[in-house]
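Let me begin by presenting the structure, written as structure tokens, before commenting on it.
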Amino acid sequence: MIITIISAILILLGVVFFFGAALGIVRFPDFYSRTHAAGKGDTLSSFLVILGFAVYQLKDFHSFSHDWPILLVILKLLAVSLFIFMTSPVSTHALMDAGWEDKVKPEIGEGKPNHLNDDSEKF
Amino acid sequence: MRLSSIFAIIAVVITGGILLYGVSDFPSFGDPKSPANAAVPGSESVSQYFITKSYKDTKVPNLVTSVLADYRGYDTMFETVVIFAAGMAIFAILGSVGGESQPRVQEEESSFVDGDHSRIIVGTTCRLLVPVIQVFALYVIGHGHYSPGGGFQGGVILAASFIIIALSSDLDAALRRLSEVNYLRLACVGILIYAGFGVLCQVLESNFLDYGVLQPILLTDGPEMARSHSMLGVEIGVAFTVTAIMFAIYANLSSRGTLRDGL
Amino acid sequence: MIFAFDIIILVFLVIAAIISLSVKDLLSASMIFGIYGFLICLLWAEMGAVDVAFTEAAVGAGISAVLMVATVFNTKRKSSD
Amino acid sequence: MAEFFEQTLQPHFNFWIYVILMMIGLWALIAKNNLIKKLIGMSIFQTAIILFYVSLGVKEDATIPILDPYGQAEHAAADAEGAETEGEKKRDSYIGKKSPDPDTMANPLPHVLMLTAIVVGVATLGVALSITQMIFKEFGSLEEDEILEIVKGGGVDD
Amino acid sequence: MTFDHFSIGVGLALFVFMLPAMWRMSVGPTALDRIVAVNVIGTKTAVLLVVIGVVFHRVEMFVDFALAYALLNFTGSLAAARFLHKTKSSSEIFEEEGGAES
């Protein structure tokens, strides 16, 4: 029972972060900030949801000799989240770099330092 | 709106209307007693036979693999031949086979320029991930008896790993790992492995692709395990062909058949 | 078969198909066709066809979109409709 | 409302959507001007047909067509009933003891037929894309009407 | 309420959160926004496959192709990024003839 509650809490936390990422994709003004929402929010929340389901697998775990396949499943689930952690930020990074090459203008508010709109200076 | 567009809408609406009308006579979705799933009275359904008897016949828990490589092995063999033929068609259309005979110049591994952050991040991650993807592809091919997977899936994933190499550095780097001559050889070897299993059964005085007679060669206990092991061999053949042809399609398409300076 | 997922995926599928046919940028069209592949894979997974879903996962994520992007790279990116 | 849902919507909703997807694909094949759009339409048409085939093998409340080597689903049901004792727990020996019930397992035959069709579909898509590239090399355009005009005007002057 | 119902609810929530990405995919405004939306939906697909596996009580089978998605998901984005590096910028392509990118 305690395992189910822990996993439910982790999964709900992940769903909350998914909601944040979805909100960011709609509400943010320009491409770069949307990429930021997609890269960070989705990665963390998918990690949390998958971790929650991995914890839930432990409910059938009674003894090591009978239930070792469950440990294998948990290992694979953790591998899924690890690879999402590696690939999702890299692809958003590549996209952001391509956007800079593609001359997508970032949106800067009034009165802010505006060096990002200067094409001559690439950070 | 163009005239052809109006005619297209008329044709599509008529076809779709007829099909929508016909759908109303279908058995409902998910019905276990529909004619495709259950036995017609007086005869045994073939899919019910596959579900109930397949494990006894072949000792393979994944029913899809056992039906794919054993009961319908002849079909799968010619599906593989179709993929091979598609690869040959692409070579014929884009004209790349035998384009250059001298070996490719062995260049240095492309080094990173200072400040080229994108190349460093993407290149390093791909270098870390490609071995994992290749090991995973081999796992998918080999473990296809017990979990979803098999030759087609594993071959496609293996080809995708080479495509990732080509995307993270350049096409030359991928072609150095799997060159033009080698992928052609690999595609042919895959089909020869598949057909070889069939001919081997014929040599042992049985039908084409009837794996049960291979028991004295494979040294297994019982013809069921012989069928299981032969399926593994057949899947490996499929994986060779699919890997080679999928990578060949990408390499030719991305460089217009020249195999140089691709995407 | 999970009926709740079934309806939603089918509706999304029609939306993705229409969007990928209506954008004028062929690069976007090929990438949105990738989304169509993801949704098809989910549909097969919830129908219980795991092997088919695995094939679609490998093909749709790894090969299909990349082939289209390669062709668009070698031809023209702008489409008239 | 519930009656409409059970009598009309649930049995045939999937098939309606397949027909709609097929109509979208056919419309794109006929009416779209760009060749790559036509190929996308062809792929949509193809997936609609594959979807139709696979959905013939779907059974309600059925599991996937892979026998359970460790009997996990069975044990979950037994745990829920509370009838499980430690002595009966032999996960390895579940399969092979009894033959599975055909009604509780999805039909594997359509999966096999369609699994190869997907990979073959990608290979043929590759062939179509290579033909597209050669058309672009020859005519310099991917639009159908421009290509037709060039063909009607006597072909490409080399 | 069993854990199955909870899992189905989580799956439905993930589908609902896919809708903003679909909307971003349809309105653009640039091609890169659409590609980011593709990326987001790809990540959600890998999670949803695990959810479906939990509902079927067969996670050990479904986790394999969640793994495949996690490993291969960035191929498309990588190809698109490379495409944009190697061609001239999309604003030039779409504005030289006066046609808006949509």
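Which chain is which? They are A, B, C, D and E, in the order written, and residues in each are numbered from 1.
By definition in this document, contacts are C-beta pairs under 8 Å (C-beta built on N, C-alpha and C of every residue); 3 or more make two chains touch, one makes a residue touch a chain.
In this text, all values refer to a predicted model and were calculated from it rather than measured experimentally.
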item: Joint neighbours of chain D and chain A, given as chain labels; value: B, E
item: Furthest chain, CA centroid comparison against chain E; value: B
item: Comparison of C-D and B-D by number of C-beta pairs in contact, larger one; value: B-D
item: Chain centre separation (chain B, chain C; CA means) in Å; value: 19
item: Distance between chain centroids, defined by C-alpha means - chain C, chain E (Å); value: 10
item: Whole-Å gap between the CA centroids of chain B and chain E; value: 24
item: Chain centre separation (chain A, chain B; CA means) in Å; value: 31
item: Two or more partner chains touched - positions in chain E; value: 18, 35, 37, 56, 60-61, 64-65, 67-68, 71-73, 75, 78-84, 86, 90
item: Multi-partner residues of chain C (at least 2 other chains); value: 1, 48, 50-51, 53-55, 58-59, 61-63, 66-67, 69-74
item: Contacts with two or more other chains, residues of chain A listed in rising order; value: 69, 83, 87, 90, 94, 97
item: Interfacial residue positions of chain A with respect to chain B in the complex; value: 83, 86-87, 90, 93-94, 97
item: In the complex, chain E residues that touch chain D; value: 56-58, 60-61
item: Contact footprint of chain B on chain C as seen in their complex; value: 1, 50-51, 53-55, 58-59, 61-63, 66-67, 69-71, 73-74
item: Residue numbers on chain A that touch chain E, as the complex places them; value: 4, 8, 11, 15, 18-19, 21-23, 25-26, 31, 34-35, 38, 42-43, 46, 49-50, 53, 56-57, 69, 72-73, 76-77, 79-81, 83-84, 87-88, 90-92, 94-95, 97-99, 101-104
item: Touching residues (chain side chain B, partner chain C) in the complex; value: 30, 62, 64-65, 140, 148-150, 152-153, 156-157, 159-160, 163, 167, 246, 249-250, 253-256, 262-263
